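You will see chain A twice below: alongside chain B first, and alongside chain C after that.
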Partner chain A sequence: MRRLRLLDISLASVTTLVYLALYLPILLVFVLSFFSMRRGRVNWETFSLGWYAKLFDNEALGDALRNSLLVGGTAVAAAAVFATVAALHVNARPSSRSARILEYVIFLPFLLPPIITGLSLLIYFRETGIPRGIATIIVGHAVFVLAIIYRIVLTRLNVLSRSLVEAAHDLGASKFQTFRYIVLPNLRMPLLTAGILAFALSFDETMITLFLTGTDATLPVRLYAMMRVGFTPEINALITLILGFSIVLTVAVAFAWRRNAGLENNSATRI
Partner chain B sequence: MTVGAGRSRPGIGDYLLWSVIALFIIVPLGCFLAYGFFSVVDNAIVYRPTVGNFAELLSNPSYRATFLRTIRMAFEVSAINLVLGYATAYFIWLRPPGMRNFLVIALAIPLLMSYIIKIYAMRGVLGTNGLLNSALMALGIVDEPVSALLFNLTAVRITLSVVLLPFMVLPIYIALERIPASVLHAASDLGANELQTFTGIILPLSLPGGIVGAMFTFVLASGDFLAPELVGGIEGFTYGRLIFSQFGLAFNWPLGAALSILLMCVALGVIFVARRLGNPRWQR
Partner chain C sequence: MAKPDTGGPDSESGLPLLRIRGLGVSFGPVDAISPLDLDVHDGEFLTILGPSGSGKTTLLRAIAGFQPPSAGRIEFDGRDIADLPINRRPFNTVFQDYALFPHMTVRENVGFGLRVRGTARRQMTERVDIALGIVGLEELDSRYPAQLSGGQQQRTALARAMICEPRLILLDEPLAALDATLRRQMQNFLKSVQRQSGITFLFVTHDQSEAITMSDRICVMRTGNIEQIGTPRELYYRPKSRFVAAFFGASNIVEPCRIEESRDDMTVVSTPVGTFSVKGPPPENTSGLALAIRPEAFGSDAETRMNSLEFEVAAVSFVGSETITELRHRNTSLMFTMKSRSDPAARPPETGSFLRVGFDPAECALVTGAES
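Moving on, here comes the complex of A and B:
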């Protein structure tokens, strides 16, 4: 039995190490956004919000934030429309060749290394003579998050009771009316969940964006430029704010997911 | 169950859908593949098919060395993370349900955190004045700060390993979670001891999760250029950086595309092998 105890202890130590490795670096950045450091030690007497104040004077960062929100909002909205059309298409004829090819193709930008998605679009935009800028970044992000929205919407469509749709048809609803009054209301929660998740992904996306950015940078790209130049303490403050926003989004996704799962269980019992 | 009106003929929506997919996914990928076969003369792209880029890629010793070094690095990161990730997933799986959920959520949260922020945060840990050095000095392992922790390939290894850990732990945990309790009961009823249950049942049933995790880790680590750029210094020059540099100062897009095609082949090969291994015959 002693051998097993030893095994338990080593498993527990590895797990502790893994969680420390995941959270300590982030925690350090958080602490350093308020305190300064001397000789490898945090000096606890130096609390200040100075770096945060300095952030608000930085106009480039404000622009970058605005760009990020614009890109995220537009890309997610566009991707949501096409992901829904794609999911309806596949759901209507799941075993057709068109559906099977679509399933593969739609996941490519998400599964391939981001460097490849980014540079495919870069080359494409160059060949079509479209200058790099906000519009090209929006396309890149929309293509990137398409798969995740598609997957979530399709999952919901596949459990949606067919009798609901048939009843609508029998009662004389047109295809559009069926979609508008029966299918779409059922897609509200999955679209919200997928939308928040996709927005979070877009907000953090860096590698594809680096290929597609012109003079207008998104927040991660601006951050990357600041990091490359060297160490400026205000980066810590900025990172803390961005992480705060990410955590809010994560909580929102978790809540939406829960409600979504709840609805799915309900409709499953209804069938 | 289908929601649409059954076997209807494709409508305007379907044509629109396919044109968007073609316009923004298929054609760009096609352009990218084609570019690998073009060349550059006097800063202008020559649209005549050639395999010159691939010949250069194979014959240039520095490209070859960078490629092999990066593949090895990605492999090492996957191997280390497989061990660490398996131990962690197994430990989580043995916890009571409440604790288990907490640990899984705590593992998933970093996934939604910005990638470059996580890399940047690792700089604070690995630097000369960093957390790791302070810890080593406090423990008396070293007397002076070790500068060898940052701006080399080891820093890239450590950083990628940390950043990619959730991609390993989660699939293994999901695989463990899927093992039916009845199978474990049957094993103990038939007199298997803990070690036999582990090697005979738990390990073979959960290893496919580890293979999926290793696949994610390998693909993401081999193509990454942000971590090497931010913590790798000059010594930590990787294949991803080599590709990225072709689109900056070097301005050799066709060569960059050719280098990426090789990367894509490796990624697709790894995905293919992982699908075969991760989906063993007795589960197919």
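Moving on, here comes the complex of A and C:
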């Protein structure tokens, strides 16, 4: 009994330590975005939203953030469409030659070191005379996140009982109606999850972007550049905002999944 | 083949609703279905019965259009449907796993067939209401499949298959997932829906008692071949092969068997355990001929029966309503099984005692074919 309690206590302390190590720096950033520090201590009397105001005045960071959102959104949307089409094809004819080739083509950029992907794309764009800029970054990110979206969608398609599709045909649905009414609704959740995951990947992707960027930097590239001249404290405000956004997103996805789980948890429609 | 009295409407021309000729399905080198012929009549309840792996699902999938046949033709109402895509075939399927759409309510599931045909909303609501009424799910129309019991899912699948008023419904082991009590309820329910709607049912099961209680006709399949087609009584009392005899519980097989004479509607055969009269003409092909006797055919009132045998009682087991007696033939030591209704007043025979039993010519059959 006592040994058990000792174990409990030590387990709890280790857990606490791990969480502290993980979250203390984040907490510090959060605090520092509102308060200033003097001689290594937080001065609690100095609450202000000044750094946030500064952040919004910082055009370089603002532009970088906007570029990141634009790149992430466009690349994920493009990759999602392509990944879904590819997954539908592979799911329909898993043993065909085209399916196998497609799998390799999609996974290669994800498995290659980003430096290789970035360099290859750079050489390609230079040889074809395409100027570097937002568009080339979007292409690079789309190629990079394709695999993750493709994998998640394909996994869902594989689980989606074949008899559901057959049942729809049997009841008179055309191929398009079957896709529209049966397949697509079942892909909504996986696409949402994959999209958010891919967006997160794109948001902090640096290596490929470094090769493909022209004058427009994304946020990580801009931060990387700022590191050389030293950070100004509005960086704390930026990180806090991104953190808040991530938390909201995570909670939203968790809720969506839970609501969906009730419908999915149907053993009778799975084989 | 005698046309069954199906209670439903039948085409006066005598043309079957579904006419299958030489249909074969192969997966690579494996023949899942060897070329076979089958007629399904309008309004009948026809059951495909066979053990697992005998090709029942494959046959149904070929008819529904999911599995392209490798040979033969399927005619519906006299028209070849080879080129008719699945979604234009005038029949619907109830899948073994129900295949209800998980993201749609019961109402949406049932109405799906109408929705994809562009039926007007009001008419759709009306027809779904009627279908839900038939299967008794009016109250549950806004539930999702995951919120239904197995029986309710089953009813939803049936309503969904019936909504477009198909001439034929294909059902692949629809009751296999239900427990025994519910299963019996659903057997009666399915049968009554079929009788009242007049829709032809092509029903698949591996359970012979289910087939017997529900069907107008039964088609027994074995390794991709049709073994025998007939009414439940025909298959039960007049099996043509050892396989069918064993499947329907005619477990006493006596061989070899030689035909001594046959006249009128009676055949006399000699076997190692005696000479017996069997109802019916002898089979045309007599290779592997054997005599199959139902265990419940034996009665101890041997004097009143046409055939009789002398046994030694090897074992007696009481299994409730029935008593099963293992019998050893006196001269040959061949083993037989007798099933009789348990009689609370009578003392069961002693093990080792001698027993003379008889059986009627109508309760045994001449069967052919290899061991099952």
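Quick note on the criterion: the second predicted complex is superposed on the first by the 214 of 271 C-alpha atoms of A that agree within 3 Å, B and C clash if a C-alpha of one lies under 4 Å from a C-alpha of the other, contacts with A are read in each partner's own complex, and residues count from 1 in each chain.
As a convention for this text, a contact is a pair of C-beta atoms (placed from the backbone, for glycine too) under 8 Å apart; a residue touches a chain by one contact, two chains touch by 3 or more.
Values in this document were obtained by computation on a predicted structure and should not be read as measured data.
When both complexes are overlaid on chain A, the residue A:R93 reaches chain B alone and has no touch with chain C. Look at A:S174: by the touch rule set out above, it reaches chain C but stays clear of chain B. For chain A, the partner touching the most residues, choosing from chain B and chain C, is B. Residue contacts after overlaying the shared chain place A:S161 against chain B and chain C alike.
In the superposition on chain A, A:V253 makes contact with chain B only, while chain C stays out of contact range. Look at A:P185: by the touch rule set out above, it reaches chain C but stays clear of chain B. Shared interface residues of chain A (contacting chain B in one complex, chain C in the other): 161, 169. Within the complex formed with chain A, the residues of chain C that make contact are 64, 66, 85-89, 92-93, 95, 97-103, 112-113, 115-117, 144-147, 150, 153, 160-161, 164, 177. Looking at the complex, you find that chain A touches chain C at residues 161, 163-164, 166-174, 177, 181-182, 185-186, 262-266, 268-271. For chain A in complex with chain B, the residues that touch the partner chain are 4, 10-12, 14-15, 17-19, 21-26, 28-29, 32, 37, 39-41, 82, 85-86, 88-89, 91-94, 98, 102, 105-106, 108-109, 111-116, 119-124, 126-127, 139, 142-143, 157-162, 165, 169, 175, 183, 200, 203-204, 206-207, 210-211, 220, 223-224, 227-228, 235, 239, 242-243, 246-247, 249-250, 253-254. Within the complex formed with chain A, the chain B residues making contact are 1-8, 10, 13-14, 16-18, 20-21, 24-29, 31-32, 35, 84-85, 87-88, 90-92, 94, 103, 105-107, 109-110, 112-118, 120-122, 124-125, 129-131, 133-134, 137, 145, 162, 165-166, 169, 194, 219-220, 222-226, 229-230, 240, 243-244, 247, 253, 256-257, 260, 263-264, 267, 271.
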